[in-house]
Amino acid sequence: MNMISRDVIAAENARREGALKSDYAHLGEQLARRGIDIDAVKRKVAAYAVAVPSWGVGTGGTRFARFPGAGEPRNIFDKLEDCAVIHELTRATPTVSLHIPWDKVSDLGALKEKGAALGLGFDAMNSNTFSDAPGQEHSYKFGSLSHADAATRRQAVEHNVECIEIGRKLGSKALTVWIGDGTNFPGQADFTRSFERYLEAMKAIYRHLPDDWRIFSEHKMFEPAFYSTVVQDWGTNYLIAKELGEKAYCLVDLGHHAPNVNIEMIVARLIQFGKLGGFHFNDSKYGDDDLDTGSIDPYRLFLVFNELVNAEERKAEGFAPAHMLDQSHNVTDPIESLMRSATEVCRAYAQGLIVDREALAGYQDDNDALMASETLKAAFRTDVEPILAMARQEAGGAIDPVAAYRAAGYRTKVANERPAVVGGGGGIV
Amino acid sequence: MNMISRDVIAAENARREGALKSDYAHLGEQLARRGIDIDAVKRKVAAYAVAVPSWGVGTGGTRFARFPGAGEPRNIFDKLEDCAVIHELTRATPTVSLHIPWDKVSDLGALKEKGAALGLGFDAMNSNTFSDAPGQEHSYKFGSLSHADAATRRQAVEHNVECIEIGRKLGSKALTVWIGDGTNFPGQADFTRSFERYLEAMKAIYRHLPDDWRIFSEHKMFEPAFYSTVVQDWGTNYLIAKELGEKAYCLVDLGHHAPNVNIEMIVARLIQFGKLGGFHFNDSKYGDDDLDTGSIDPYRLFLVFNELVNAEERKAEGFAPAHMLDQSHNVTDPIESLMRSATEVCRAYAQGLIVDREALAGYQDDNDALMASETLKAAFRTDVEPILAMARQEAGGAIDPVAAYRAAGYRTKVANERPAVVGGGGGIV
Amino acid sequence: MNMISRDVIAAENARREGALKSDYAHLGEQLARRGIDIDAVKRKVAAYAVAVPSWGVGTGGTRFARFPGAGEPRNIFDKLEDCAVIHELTRATPTVSLHIPWDKVSDLGALKEKGAALGLGFDAMNSNTFSDAPGQEHSYKFGSLSHADAATRRQAVEHNVECIEIGRKLGSKALTVWIGDGTNFPGQADFTRSFERYLEAMKAIYRHLPDDWRIFSEHKMFEPAFYSTVVQDWGTNYLIAKELGEKAYCLVDLGHHAPNVNIEMIVARLIQFGKLGGFHFNDSKYGDDDLDTGSIDPYRLFLVFNELVNAEERKAEGFAPAHMLDQSHNVTDPIESLMRSATEVCRAYAQGLIVDREALAGYQDDNDALMASETLKAAFRTDVEPILAMARQEAGGAIDPVAAYRAAGYRTKVANERPAVVGGGGGIV
Amino acid sequence: MNMISRDVIAAENARREGALKSDYAHLGEQLARRGIDIDAVKRKVAAYAVAVPSWGVGTGGTRFARFPGAGEPRNIFDKLEDCAVIHELTRATPTVSLHIPWDKVSDLGALKEKGAALGLGFDAMNSNTFSDAPGQEHSYKFGSLSHADAATRRQAVEHNVECIEIGRKLGSKALTVWIGDGTNFPGQADFTRSFERYLEAMKAIYRHLPDDWRIFSEHKMFEPAFYSTVVQDWGTNYLIAKELGEKAYCLVDLGHHAPNVNIEMIVARLIQFGKLGGFHFNDSKYGDDDLDTGSIDPYRLFLVFNELVNAEERKAEGFAPAHMLDQSHNVTDPIESLMRSATEVCRAYAQGLIVDREALAGYQDDNDALMASETLKAAFRTDVEPILAMARQEAGGAIDPVAAYRAAGYRTKVANERPAVVGGGGGIV
């Protein structure tokens, strides 16, 4: 079942094939000079995958407004089709991450079948206790897993357990827990008691986690809480993973840190202490802006991948991070943004692969700061697009995914089929 | 027409009167030692007023969720009643600032009468081109006054002109223009052409401004745009006011600056160059958090008022700033938050009034940094609550506004009369 | 042995005694209304102490310049005299914290005697591996405890061991380790290997720590390293203390965090997990500005003390933090700055003591965010200066330390005795 | 007069020539596909120049320590030789910017001759009133051009006038004024009076400015002042340039802004209003870190150049910015850091030149945010190193400047000739 016509892809690729071959050949020559086998890099890139969030294919918004796009998905089945488009063109996003209750359906079997038909698997499940679902007994206005009231905490625990149950039926192997719990004013909550309650609730969820699952806790500095947040940074996140046990890991969202923070260093620390669970990729300039990955500070993204490749190559113990995009697409076509973001993480990965690590280690040992930093810059400066494009093409995807997508007219088609969604929040984590 | 029973206020005050008299007397004695007449300070505080934003009495939210409160106002008439409660208890908020189209009504005469009956006047008008109104021809998804499309800009200009027209009928004397225009990605817009279009559109609005009106432009670093914002800081804001003319001024929202920025210095600069139009008071820790004024960094609020009182006392040319609260009340009763915030600005004003400016100037000239800073701290440390409470009581308000409000049972009463508002954004500037 | 004449203090106090008595009495009446015994608060404040850093009594500077003050101390004996002045007037700083090698002397017995004669004890020892001492074999240009070279690490370990030895002879019971190790460029060092080396070196130091000593590691976001810092935040700091063992604790310097970070929450976390070692108090607006404590954001200081008093009152396990000032006095008389800073920490402590914790807990359990935050603000707004002044006076100190200090003419006196120090860094941690 | 042997350069280039030709040819083919003539780009790059600061060739430091390097220049003659090395190898730095009094000499004629012999001209003069020179009558501890004392201000004015005089004799055409004036504590100075005094002093300097000179004022958020800075941001800087007159312009140092600030937008605004004077290039992560240009966030540097090329191509009125590096080299060989930084600005310029501006404008007008941002990214992703290297080689420089420099053994040579400089600040703006 193809969402995008193979013919369109073929026709678009045909127009770009000649240039790609030439560029790939020359890049291969350049890399060979540095002792790198371009095909080996390409194979690794081809094997790389990043999950797409189901909510990412809808148009996002801010507290001020949401400006709907055309042909927005009406439900998880529509969303899966949009996700399939992304994977068909990029060949880099074979799984989808669901958000409950937004993606809840009565017939899970049908959902699983739809995924299979589209060639999509199901990644980590995401629970939602940062907003109230219609008919919900206890409100999360003042918190969920850390709420002062035991019944509210119990309800939040049960919701997470339900997410696990749904995930088991779909073949997921992980639960991601991000909560908005926190306060807007000094004194509103007792930091210590809140965190004790949170840990107790997370332990209750953990007890329901299947043996082959992992649980990811996600930290965030602020928003929706504006004075304090229960899981505010990686320090607290590490304590959580440590308290819960060996199936518990920390998730890093690139936009969830204080200004100026060195994120790649946090990544290195979590790897070193065996607690890096994975990523929510996006980019940001001010706060949790949820912009397209690599669109604001591509070098920072590269530096994160430099740590990941380093850990991969030295086979760091327990290193198996989950990769997911997590963005809010307020002014672009969400499918386009997710395609280019998938490409950006592939790019950073490829650039990480071509770092001359032996030379780097030598410069580090010699305190040759200039050449050490130039070694990273040399990899980053390399235009690896031919590698990415060749990997996509060989896997049946598009040399230029956005161009092929536009040529296929997918958005126009679904705009005709799907009525406009007015108002309503996008639910962006 | 009273929203809060005079009897309730009287009964509540009676319980606190003795302590207040004692505290006021002792504070008077303390201030007298410093050569300050407490009654003179009280008179100035009693004459001080800050406007309440109509949208502030509704419960706010974030892009993740809005958790409605009980008895939320259904329309501008309900909002005026809530605003009246605030003024009756604090005696510090005699005017309301409207937001169009949210507060648009068919019968402006009825609205004006309602205000008069409640003892409320109408402050600056606020236009809205940061969200799309139902049925609007051109969307503001990609901007309004700076939009690439001339028809969209024209529509935005016309909306602002309409705001002026409405304001004229209500007795307002100012228009506040805050736009969300900006971009999420490098390259999305040309900074220069966008700003040229913005200036052109503002000039068109300015041409409709009555002679006895002022127009306030408001800067903001980010949100809803996450890469660039057209009116991003006071530098750009100053250029706008300068380009427009003598009726144009800059509005300062305390939460709209980059991290660590010295806001009181910006206030001083705008005063010095004759372009300080006024304030949107609130407090924040991370971004435009819109928390209750003075709740996070009360000393910063004091330092802003230190500049204002300084300008007032030296009769700085053209100095006549408009004061308004602008907050988002996500976890508190909005009426309570606005009452205490009104109190906080009065407090900062009173503390500013008791700064020993002659001594301060002497320390400054002598480069006695320690005593200069201690001079400000001494004023800030003084607990001026007795002055505020006495001013309120003498004007018919409550010694303890929140306590009196709770005793009066207003929220319970309106909760019975007004059905719950589910979903929908709060539209918080 | 008195550095400040008792007569001067007595004369200065005599002029202020009447007002103090009146203010203390009225504050007692106010607090009694809230169920608080002012004398009990005063007794706690009188028992409170904060250490003074030996390097704090010299004039500090920036990388651009250091502008010497008059009468700067020439050596640790002069510094002790200056520290004695601070304690005599404030009665709040009975101990001094030394920095090696700056305070190294050939005759430790003489140093201990001098301290005893001045009524001063010796607090935590501070090592210095962030600058090179004359004649040092291996340079710390590229790191110390985490240096790539084993001999350099060994030298740094030995220096710390020497600090312990010196401290043992002086009666100190703790070693504070702050290092500047880090990098200026991506790639300059391997995050993981650097931290492994650091941990190994710290373990070597730890093995030399006497049983009744504690070791404090101190985190800092940046400076002197401008891309990455080995001990960059409390997360890494916690991991260090955990790896080292039960005598290892985390030190929190208020100026060492990323912009906007909620420091009081970090304090609460470290208390909860038994690893809060103590503080370096100061204030800051931008980075590690090392300004006088409480001079920029006094409410933040109060919120930190709110956590400390909370832990003290609930007798949190293992809670026994060390308190020290750590500031750079570039434009004030260091003695004056340290006196007022000592007063500010006493003030925050006193304000923490008068928080109505029972009411606060009730508001927290009821999610009454407004009244919870007002409960803290009510304590903060209370002008507790009469309590502090009375405690000082009763202990033989000055009602107004700065006024008494100036009246005593100490600075003029030492300016005549001590030749001007030109150039040279101040060595400010 | 060559500092680096032509033979060494030739030999080094010979080893890289083959690869360069191949890479240049292929890049030419790629660019031709996009309609770009690589030779035309190369010619513009070859004509591009950035000034080197004389103080940049010494090793910098922090307030904690300075770790000297080998063979540091002893005086301005040594510095000129080091600067000549940079230019000989990069062919991009034909001028040097002096700092007075550090570079003051008795025989200006000899200095000018030395520059001429080395093929170097003299760029903007830099005054220094942020530190005290030996024997100076009035100290700048509490300010210079804004000092409360008129005699101190006069001395600072006279120093700037002297800088102009020296510059006239050397052929400079501009004066850069950066002052450290500001305060460490609220209240220490009156913002308004300080700025009035500053403006008055600058006007006095301006009156001495030759007709064919420009004066650049430079803003900075903080450091060495940690509460307020007189020229704190571009808003104030613009006011200064406006007040002074048409020869006055604003200088932008990339590291002098608040966290998260959009610097390229400030650049665009200053261009639009005719007041962009030039740049101090460097990179930073936290504050004014003064790291090597492009080493932390190369995309940001590109975005700045995107504005510059845009202005250049549309021939913006009055657009003629001065370009200078301004860095502190604490852990690298200063010559190496300056060479690669010169290369980085050339790189950003080249990338700016290959932006498809026609396509970009079209996407902007269509609100095609994705393709607009991809248009910039496409230029940035292009590895333009072959253009830079070819331009250097053709002008007689090195294909790989750092490699050639190391091969030439210059540092070893001067280390033998120049005795080590111990202590002393580096004086980094």
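Residue numbering begins at 1 within each chain, and the chains themselves are lettered A, B, C and D in the order written.
In this text, contacts are C-beta pairs under 8 Å (C-beta built on N, C-alpha and C of every residue); 3 or more make two chains touch, one makes a residue touch a chain.
Bear in mind that the values here come from a model prediction, so they are computed numbers and not experimental data.
Centroid analysis (C-alpha atoms only) places D farthest from subunit B.
Between subunit B and subunit C, the superposing rotation on Cα atoms measures out at 180°, rounded to the nearest 5. In terms of their C-alpha centroids, the spacing between subunit A and subunit B amounts to 39 Å.
In whole angstrom, the spacing between the mean C-alpha positions of subunit A and subunit C is 42.
Of all residues in subunit A, those that touch two or more other chains are 141-142, 183-186, 188, 221-222, 227, 259-260, 262, 285-286, 292, 295-296, 299, 331-332, 367, 369-370, 373. Every residue of subunit A that touches subunit B in the complex is listed here, in rising order: 60-65, 67, 130-132, 139-142, 180, 183-186, 188, 221-224, 226-227, 259, 284-287, 289-292, 295-296, 328, 330-332, 423-428.
Those residues of subunit A that touch subunit C in the shared complex are 141-142, 148, 183-193, 195-196, 221-222, 227-228, 232-236, 238-239, 257-262, 264-266, 268-269, 271-273, 299, 303, 306-307, 310, 360-361, 363-367, 369-370, 372-373, 375-376. Contacts from subunit B toward subunit C in the complex involve residues 19, 22-23, 26, 29-30, 33, 259-260, 262, 285-286, 292, 295-300, 331-333, 336-337, 340, 367, 369-371, 373-374, 377, 380-383, 385, 402.
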